[in-house]
Amino acid sequence: MIITARLTFSAAHRLHNPNRDEAWNRKTYGKCDNPGGHGHNYGLEVSVRGTIDPDTGMVIDLKELKDVMRERVIDRVDHRNLNEDVDFLRGMVPTAENLARAFWQQLAPAIPHGQLYEVHLQETERNSVSYRGEDE
Amino acid sequence: MIITARLTFSAAHRLHNPNRDEAWNRKTYGKCDNPGGHGHNYGLEVSVRGTIDPDTGMVIDLKELKDVMRERVIDRVDHRNLNEDVDFLRGMVPTAENLARAFWQQLAPAIPHGQLYEVHLQETERNSVSYRGEDE
Amino acid sequence: MIITARLTFSAAHRLHNPNRDEAWNRKTYGKCDNPGGHGHNYGLEVSVRGTIDPDTGMVIDLKELKDVMRERVIDRVDHRNLNEDVDFLRGMVPTAENLARAFWQQLAPAIPHGQLYEVHLQETERNSVSYRGEDE
Amino acid sequence: MIITARLTFSAAHRLHNPNRDEAWNRKTYGKCDNPGGHGHNYGLEVSVRGTIDPDTGMVIDLKELKDVMRERVIDRVDHRNLNEDVDFLRGMVPTAENLARAFWQQLAPAIPHGQLYEVHLQETERNSVSYRGEDE
Amino acid sequence: MIITARLTFSAAHRLHNPNRDEAWNRKTYGKCDNPGGHGHNYGLEVSVRGTIDPDTGMVIDLKELKDVMRERVIDRVDHRNLNEDVDFLRGMVPTAENLARAFWQQLAPAIPHGQLYEVHLQETERNSVSYRGEDE
Amino acid sequence: MIITARLTFSAAHRLHNPNRDEAWNRKTYGKCDNPGGHGHNYGLEVSVRGTIDPDTGMVIDLKELKDVMRERVIDRVDHRNLNEDVDFLRGMVPTAENLARAFWQQLAPAIPHGQLYEVHLQETERNSVSYRGEDE
C-alpha cells in the first residue's frame, strides 16, 4: 500500500554551474540560465509504503507526514531563491532532479526506515521527476 | 501494458474506531472524527495489466471495465455514507487505505485472474493511496 | 480589477427539506436525499473588486482575504456536517446555491463595502454556482 | 461571443517597493518580500470579444492572437526576473494586479479597437486576477 | 445566482469552408484544414441564471439540466464527426464559436425563457469560447 | 531517477478492424466505430530513467527530449487522422494501447539504449494507458 501527500511551494531558481564558463552554461541550460533567474510553482508529492495498521486503518498519519514535509522541506524553500537561500541546497545546481534527491535526503531520516517510497516533483505542467532513492 | 479507467463518486464518512475510546479517536483522527461526519469527491482509478489482443488492439474493453467498476463499487458508494450504508465496508474504519483494499477485493473476482494491477483512490487534491494487492 | 482567492474544504451534507414529506424529498433530491448523507470536496473562490493601490500594487491583501475566508467560512464548515454542525446554516437545505449565498452573507461584513464581487462554489467537477449578491 | 487563449510562462519576482522602508515592505508583502525573490508558473488567459465572421466562423484567428501574446508578453517575461529584466515592467512592483494591467497595455494596441475583453492571470492554484481595462 | 453544469464529449472535425478555394482554406485554417480531420475532447459548461426557489434551495434541478444537455447536444455530437454526422450543424464550419452558438440554439427552447445564461465550450487546454446569446 | 515530459496533440480516429465484419466491429468498439470517426485531445507523457549527471544536475536535457517527441511523434500525429494520415500507424487499429506501443517504437531509437522508461497516453479524463516496452 502506498500513500501520497501533495503540497506546493513557489520559488525562484537559476540553472547555472559556477564551475563552468558562460558558454557551457548557456549551451547546457539555455534560457534557464538567465542571470536574474526565473521561478516555478512546484508540486511536491511524497509517497510512503507500508501495511495498514489494523487499529487505525492507516499506513501513516497523513497529518504527521505533511508536518514532516513542511518542517523539513516546504518551510525552507517556499518563497525562497533556491540558489541562494536554502542551506541544504548550497553548491548544487537546483535542477528538478537535484531538488528531488535533496528533498529525499531531508525527508528520509524523519520517516520510519524503509518506508519512504518516492519523491515526485512537478516543476511545470510539462516537466516532472520521480526519485526513489536509487543511487544513494 | 497497463490500462486505467477513472470514475468519481461523492460520499460521506467519519474516521472513528468504535472499539477505542473517544480520547484515542480524537488523538488519532483529529477533525476527521467529527461525529456528524464529513465527505469527499473521490476519484477512483482502476488499472489492469495485460497484453494487447492483436484482433481488437485492446488489453481489455474499457467499457466493460467501467461497467464492473460501476456495478461493484461506484453504484454502492456514490452518494452514500461509507460508515453506515455500504455492506462490504461494515465494521471497517473508512480510511482511504481501507477503502482502496476493499474496492480491490470487490473488483478482483470480476477481472480475469492476475490482470487487476492497481486501485488508486484520490481523496482530496492533497491525499491519495495506491493498492496493488500486496498483503492479501 | 478583480482578484480571486481559492480555498478548499471537505464536508458532508444531505439534501432534505424537513418541512416536506419523503415522497417530495425523494422526487426533488433523488440520491442526494440519502438519510446517511454524502459529501464533497468543495472549492471556494472569493472575488473582490477594486482599484490598484499605487503604493502596494494590490487591490486587497490576499493573505488578509484568505484569513477572512478561513475565519468566517472554512474553519466552520471544513470536516463538518453542513446539516447539523454549522450555526449559520441552520434551517437551510445545504444546496450549493444556499451555501454560496450564506457564505456571501458571512463574508460581506468583513470586506470593505461594495468590494465583495463574487462567491463561486465548486461542488464537483461537474457542478458549480456563482453568487454576486443579486437578490439580497 | 468571447474567445479565450491560454499560454503559460515561468518567472521570478520579488514584491518590494523601493520607495518605502524595510519595515513597511515586510509588513505589506511578508514572505513575498524575500530579497532573493521567489517565482511562479503563471497562466495567462487573454479574452477577445466580437461577432462571428460568417465566412470563417471565427471571432478572431486564435493562432494570430497567440502570436501577439507571445511577441508582446510571453517571450519578454518567460524565464525572466520580473523586477529586473523586463523593460515594460520597470519601476513597478510586480504584483499580479500590476502585471495584468501592464500585459493589457502591451496587448491592446495589437488587437482591433474595443475587442480586447479581459486579461486573466493565474499566479498559483489559489490566486488569480482579472483585468478588463476599467481604470485606464 | 448562476448555476453551471459541465459535461464532456469527444468528436472529430475539420475546419473547411466548401464555398472557398483550397488556398483560402489553407491560409485561414492552417493545419485545422487537414482533409482527414482531427478531433478534441470538448468540455461543455452550460450556465443558467435565476433565483433560489425557497422550497428546494435550488435555481434549477441540475439533473434535469444535464438531461437536457445530453438529449439535445451531447448524445448527438459525442463520438461523431461534426462536419458530417450532426443534423443541426449541417452547412456550418464547426469552429468552437459556431458550435457554441449552435449548442445555445439547441438548448434555449428547453430552458425556461431568459434563464439560459452562457454556453462555455473548452476545445483544448488552450482554447475556449463563451456565448451568451448576444447576436441572436 | 525518472524524468517525464508532457506534450499534447489533437487527432481524429475511428476504432475499426477492416479484417472483421461490421457486426464484430460494432460489438467490439460500439460508438467508437462511427464511420465518420471521432477525436481526442491526447496527453503524451514520456519518461526516461537514468542517473544524474553531476556536472549538469540533469538526467537528460528535457528540451532535447521534447524535440525528439515533437519530431518523431507529435508533429506527425497532431491535427491528423490516425487511421489515414500517419505512415507508422498504417494497418493498425488506433486504440490507445496500439498508439502507446507505436509511439514507444518511434521514440526508442532516438533515446540512449535502455533509458526510455514509459510512454503514458491520456486519451480522455477517464482513459489512459502506460507502456514500458514489456512485450517487444
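A, B, C, D, E and F label the chains in the order they appear, each numbered from 1.
Everything that follows uses one rule, which is that contacts are C-beta pairs under 8 Å (C-beta built on N, C-alpha and C of every residue); 3 or more make two chains touch, one makes a residue touch a chain.
A quick note: this is a predicted structure, and the numbers were derived from the prediction, not measured.
Looking at the partners of subunit B and subunit D together, the chains they share are A, C.
Common neighbours of subunit D and subunit F, by the contact definition above: A, E.
Because subunit A and subunit F carry the same sequence, their contact can be compared by residue number, and under half of the numbers here are used by both.
More than half of the contact pairs of A-D, counted by residue number, reappear in one of B-F, B-C or A-F; that pair is B-C. When chain centres are set by their Cα atoms, the one at the greatest distance from subunit C is F.
The most distant chain from subunit A is E, comparing centres defined as mean Cα coordinates. Note on chain placement: the centre of subunit D and the centre of subunit E lie 29 Å apart, centres being C-alpha means. Centre-to-centre separation between subunit B and subunit E, using Cα means, comes to 34 Å. Those residues of subunit B in touch with two or more other chains are numbered 125. By the contact rule set out at the top, the touching chain pairs are A-B, A-D, A-F, B-C, B-F, C-D, C-E, D-E, E-F. Partner subunit F is touched in their complex by these residues of subunit E: 8, 10-13, 31-32, 34, 36-41, 78-81, 83-85, 124-125. Looking at the complex, you find that subunit A touches subunit B at residues 1-7, 51-52, 55-59, 61-63, 66.
Of all the residues in subunit D, the ones that touch subunit C in their complex are 15, 17, 20, 28, 30, 92-98, 100-101, 125-131, 134-135.
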